[in-house]
Structure formats: structure tokens, C-alpha cells
Amino acid sequence: MSAEITEDALALRPLKALTLGERVIDPQDIPWVPYEGHPGIFVKPLRLNRKTGVWANLTKVVGASQINRHYHVGPVTGYVLEGSWYYAEKDWVARAGMVVWEPPGDIHTLMSNEEGTVTLFILEGALLYVDEHDNVVGHDDVLSHMKLYVDYCASQGLEPVDLDY
Amino acid sequence: MSAEITEDALALRPLKALTLGERVIDPQDIPWVPYEGHPGIFVKPLRLNRKTGVWANLTKVVGASQINRHYHVGPVTGYVLEGSWYYAEKDWVARAGMVVWEPPGDIHTLMSNEEGTVTLFILEGALLYVDEHDNVVGHDDVLSHMKLYVDYCASQGLEPVDLDY
Amino acid sequence: MSAEITEDALALRPLKALTLGERVIDPQDIPWVPYEGHPGIFVKPLRLNRKTGVWANLTKVVGASQINRHYHVGPVTGYVLEGSWYYAEKDWVARAGMVVWEPPGDIHTLMSNEEGTVTLFILEGALLYVDEHDNVVGHDDVLSHMKLYVDYCASQGLEPVDLDY
Amino acid sequence: MSAEITEDALALRPLKALTLGERVIDPQDIPWVPYEGHPGIFVKPLRLNRKTGVWANLTKVVGASQINRHYHVGPVTGYVLEGSWYYAEKDWVARAGMVVWEPPGDIHTLMSNEEGTVTLFILEGALLYVDEHDNVVGHDDVLSHMKLYVDYCASQGLEPVDLDY
């Protein structure tokens, strides 16, 4: 008796024609964009998905600086690649290699010391910047970061990378 | 020749012990909560996930009313169960049975006529209510709707259903 | 003293140019597609997002039938629109109006009785159909349902609606 | 004239009581878990969310090795932290610093050369390992990786970190 070999029992092969292409992003093709209103802070966008509202970037803080106090309307995950940072409102320090996840509703002020930091942030929804009276004075989401990126590229004569994936 | 029967070739069985329980929600156990600042509008929350920021509810509009103009910082999907509604800013009508998906950044004012509507909405992130000068004058997200629901239950002597799934 | 009116303090207006268009889906434009291998069961796809892997459909079960036992590799949410159904493995019945959420890893067999059902299902990831030995004998995900839909439209001379949103 | 200061105009303050706590994960508290069936490959789980099916880990490949050919039923994003890798089926190389996003349906075999790699992977749904006949011979998802992690901790007398966030 000869065994018959089954081929593609779950019918995955025909799906290949419907699969989208992958995306390979080289951050060297993307500039460090000055983060307006935040001296010493730069963002390098890696993803700007206008359908899901998910956005990711490398955030670089040069020396002792801060990202102003803000309220998150969606979750955010940070992977510290270099240096360290902390929140003025919390009692831990995020050092290189560590992962921080913050739920919707978290309010905090990101602080760095002299060593600065480079951190990969993955965000959903928006940041609402709040002043000392807890009034909302600024806003960032996937669209404002796309605008920041596209405008900066235009000012520098750069062609923006398509990050809407 | 006796065929040997393979059992659980992909090793799914041992995963059962790690699988969470399912959730079965009966909307009859949840009140119609008056939507503050919006006469004639009621929400029945069905999901309030504080980790992902995803929230879902039945929104009931009684007669001709409106949900004030707002900016979405995440996507929203609506399934019209009864009646109809439209956006003051668009040229289509969402009727019973139809599905509407709106991307982050969409700004609109939901309007109903005499028949009103009941629509299932699934939202991520937040609504930012904007006035005629496009200044943000209100905010709704998973947490504000949880507060709305819990406070209303307290005022009515009801035990809130756990919707954080 | 004349008050100065602030306009667009959070700078939402310029984002309008970057916002994608909304999608309005009328299920009347989409056929009931026979669900292969499942007599008496039809699906009307409403969303087939090939980037996120999220898919949604109306599932219609005519009379007493079943959707074969399967393992979920992502969460699924069901909103019962008509009739009722239950899982052979559980002790509750999902009736019109109710919401069911199932976590990754849940294994179950959907059963209906004579009244049948129409249920809105929103799925992420895949279903792995399993036989009585818990071996995987079938597979469904966003791509297999796109293929099911596109192939059926071709066989009927219909133009498929773009559901990749 | 005394200006009146508005406090918390959007009513964010009362939401603080409903906000969940953040999570700070130090990978030093998590072992490199040998990836069964894959000599030279280790995973350090960072997130295992049993509700959403999202899982993340650091994947370390020591020297020239491979992660067997598999089909993705959800999207995956990789951030290369050290070294490099490539897919046998594609014509690009993922080097340190680069980002790779793969859509549902992608089939590929991850290959490394002598330098090996450490890559942060964020996954949704499952990997279905396929043999040369495209039959599914293995499976990995959030639950199988939780089992892998918990079992390994038990074998080493370690207390597993709660990664279900």
C-alpha cells in the first residue's frame, strides 16, 4: 500500500493571492522630527495607521527634558532602547531594556535626566496635554503626528515614507 | 493494517486550562442611562474594557435629537438596529441594518428625525466634543462611560454588571 | 473689555485633510454566501480587514443546524439579532439582543434549533475546526472569508463590495 | 477684574479612580525560555494578553538557525534589537534598528546567520507551522506561549511574572 500525501489540507495556498505585502521600515530613511513645544525632544515616526489610529515612533529625549503632563485616551506601550526616563507622578524608573504599559486614563509627565533616552512608543488613540488646572491645552494623535512628519519633510525637501500600515 | 489515530496533533487540549471564561451579556440587565447633556438620548453600555480602551453600547435616540458635534480620536463602528440617523455634515442616511465605520479624525454631528434610532456602537479611544469655534468642550471615553454607568446604577440602587472584558 | 474668541485651540482643523473617508455598508448590497461544509448556514460579510485580520459578518442559520466545533485563536464577539443559538459545550442560550464574547482558546460547537438565528459576529484571527480527536481539519480567517465572498460573487456575476476597511 | 480660573473643564479628574494601574516589566526578571522544536532559539515573553490574544516577546536566535515555516493568522510586528535575520522566501534583510510588519496570511521561514539576532516581536492571533506539503504541523498563540513560559518557570523553580496585561 502506498501512502498518499495530503497537500495543503487546510487550503492555505489559495489565500496567498489575497495576502497583502509586508512592510520593511528602515529608520535611517526617516528624520528625527523636532517635537513642537518640546525643546530637546525628537520623534521618528515608524507607523501612522489612519484606519486603526495606532501610531508608533522612536522618541528621543536629549539630556534632561520632559514631555508635558498628559492624559491618555488609549493604551501606550514603551520599550526603552537607550538611557532612562521616569514619570514625575510615579516612583519607578524605566531603564534600557524595560517595558512600560500604561492604560487609558493614565496622567503623567515624562522626565529624563542628563543621559536622555531613546524609547520605542506604540500608541492608540490620543494624548491630551493638560495644564496645572487639568484643562486640556494640547492634543496628539495619529493624524497630528502624520502632519508633523509630512510638514517637516516638506520643510527639509524630504520625501515622506508611507507609514500608513 | 490498522491505522493509528492521532490525538490532538497541535496540542490544543492542554491550553484549555489557560483559557479565560466567556462573557454572556443580557442587555435586559443593564438600564438605559440618560446621556448627560443630551436630552432624549440614552446609552446602554455593553462593554467597557479599561485595558484596551474599547467600549460598546446601544445608543437610543428618542425622536428628533442630536449627539453634539465631535472629533473621534479612534475608529468607531455603528450597526443600526432600529430607525435611522444621519450626520449633519454628510449626505447619506444610516438606516436599520446598515453599518457605518468612521476613521480617526472624523468630525460629525449625529442627527435623528421623529422615528429615532437604536444603534450598536463600538468605539476605541475618545470623542472630543467641539463647539462652533472648534474648541474642545467635552470628552467621552471608556472611563467616562464607566463613570456614567456606575453613577447611574448607584443613583437607582442597581448593581452594575461587570463589563470590563 | 472685549472678549477674544479662541478658534480651534487644539489645532484639529488642519487634520481634516489627512482624515480618511468613512464607510457606509448596506447589507442589501451583499449576498448571503453559502458557508461551505455547513448546510443551512450562510454568511454575509460586512468587514474583511486584511491588515488587522479583523472580520465581521452576519451569520444566518436556517433551522436546526450547527457550526462545527472549532478553536478560536483570537477573540470573537457576537450580537444576536434574531432567533437564538447555544454552544453544545456550555449551559446558556444566546437569545435575540444578547451579546456573547469568547476569549482566545475557547472551543465550542454552535447549535441552533428550529427558529434558527441571525447573529452579527466580529472576529479577530482564525477559527481552527477540530474533529473528535481534537485534530485541526479546517481553518477560517479574514482571507478565507474574502475568498469565499469573492468566489461566490464571481459565480453569481456579482461585483464584490470593497470590505477591506 | 478678577479672572476666574477654570478647573478640569473636561472632567478628567474623577476618572482617576477608575483608571487601572500601569505595568512596568523588567526583562531581567524573565528567563530565556528554550523554544521547543527550535534548537538555538529562545523567547523571553513580555506580554501575554489572554483577552485580546496579543502577545509580545524578545526572540533570541543564537547563530545560524531558523524558525520553521509558518502561516500567520494575524499581523506581526518585529523590531530588530541586535543582529539580523531574513526570510527564506523574501529578498531583504532585517538589520538592527529596522521594523518589519507582516500581514495576516504571510508565510515565511525566519533565517539567521552566524551573528544571530534579538528581535522584539508583537503578535496577534497565531502562527500555524506548515510542512513542505503546506500541511499544518504546529501551532503557537498567546496560550501556547503562556504554557511554555509557565511550564519552564515550574521546571526551574521560578515564579512567573504576571504578563496578562
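Note that the chains are named A, B, C and D in the order they appear, and that numbering of residues resets to 1 at the start of each chain.
FYI, a residue touches a chain if its C-beta (ideal position, glycine included) is under 8 Å from a C-beta of that chain, and two chains touch if they have at least 3 such contacts.
Everything quoted here is computed from the prediction, not taken from an experiment.
*Asks:* In the touch network of chains, how many steps separate chain A from chain C on the shortest route?
*Replies:* The fewest touching-chain steps linking chain A to chain C number 1.
*Asks:* Counting C-beta pairs in contact, which comes out ahead: B-C or B-D?
*Replies:* Higher contact count goes to B-C.
*Asks:* Just how far, in Å, is the C-alpha centre of chain D from the one of chain B?
*Replies:* That pair's centroid distance is 29 Å.
*Asks:* So, what's the distance in Å between the C-alpha centres of chain C and chain B?
*Replies:* 16
*Asks:* Pull out every residue in chain A that's touching 2 or more other chains.
*Replies:* Only 9-10, 12, 15, 18-20, 50-52, 103-105, 128, 136, 139, 143, 165 qualify.
*Asks:* Under the touch definition given earlier, write down the residues of chain C that touch chain D in their complex.
*Replies:* Touching chain D from chain C are residues 1, 50-53, 73-75, 103-105, 124-126, 128, 136, 139, 141-143.
*Asks:* Which residues, counting only chain A, touch chain D once they are in their complex?
*Replies:* 5-10, 12-13, 15-16, 18-28, 46-47, 56, 71, 77, 79, 81, 90, 92, 94, 97-107, 120, 122, 128, 130, 133-136, 165
*Asks:* Please give the residue numbers of chain A that touch chain C in the complex, ascending.
*Replies:* 9-12, 14-15, 18-20, 49-52, 136-139, 143-144, 146-147, 150, 165
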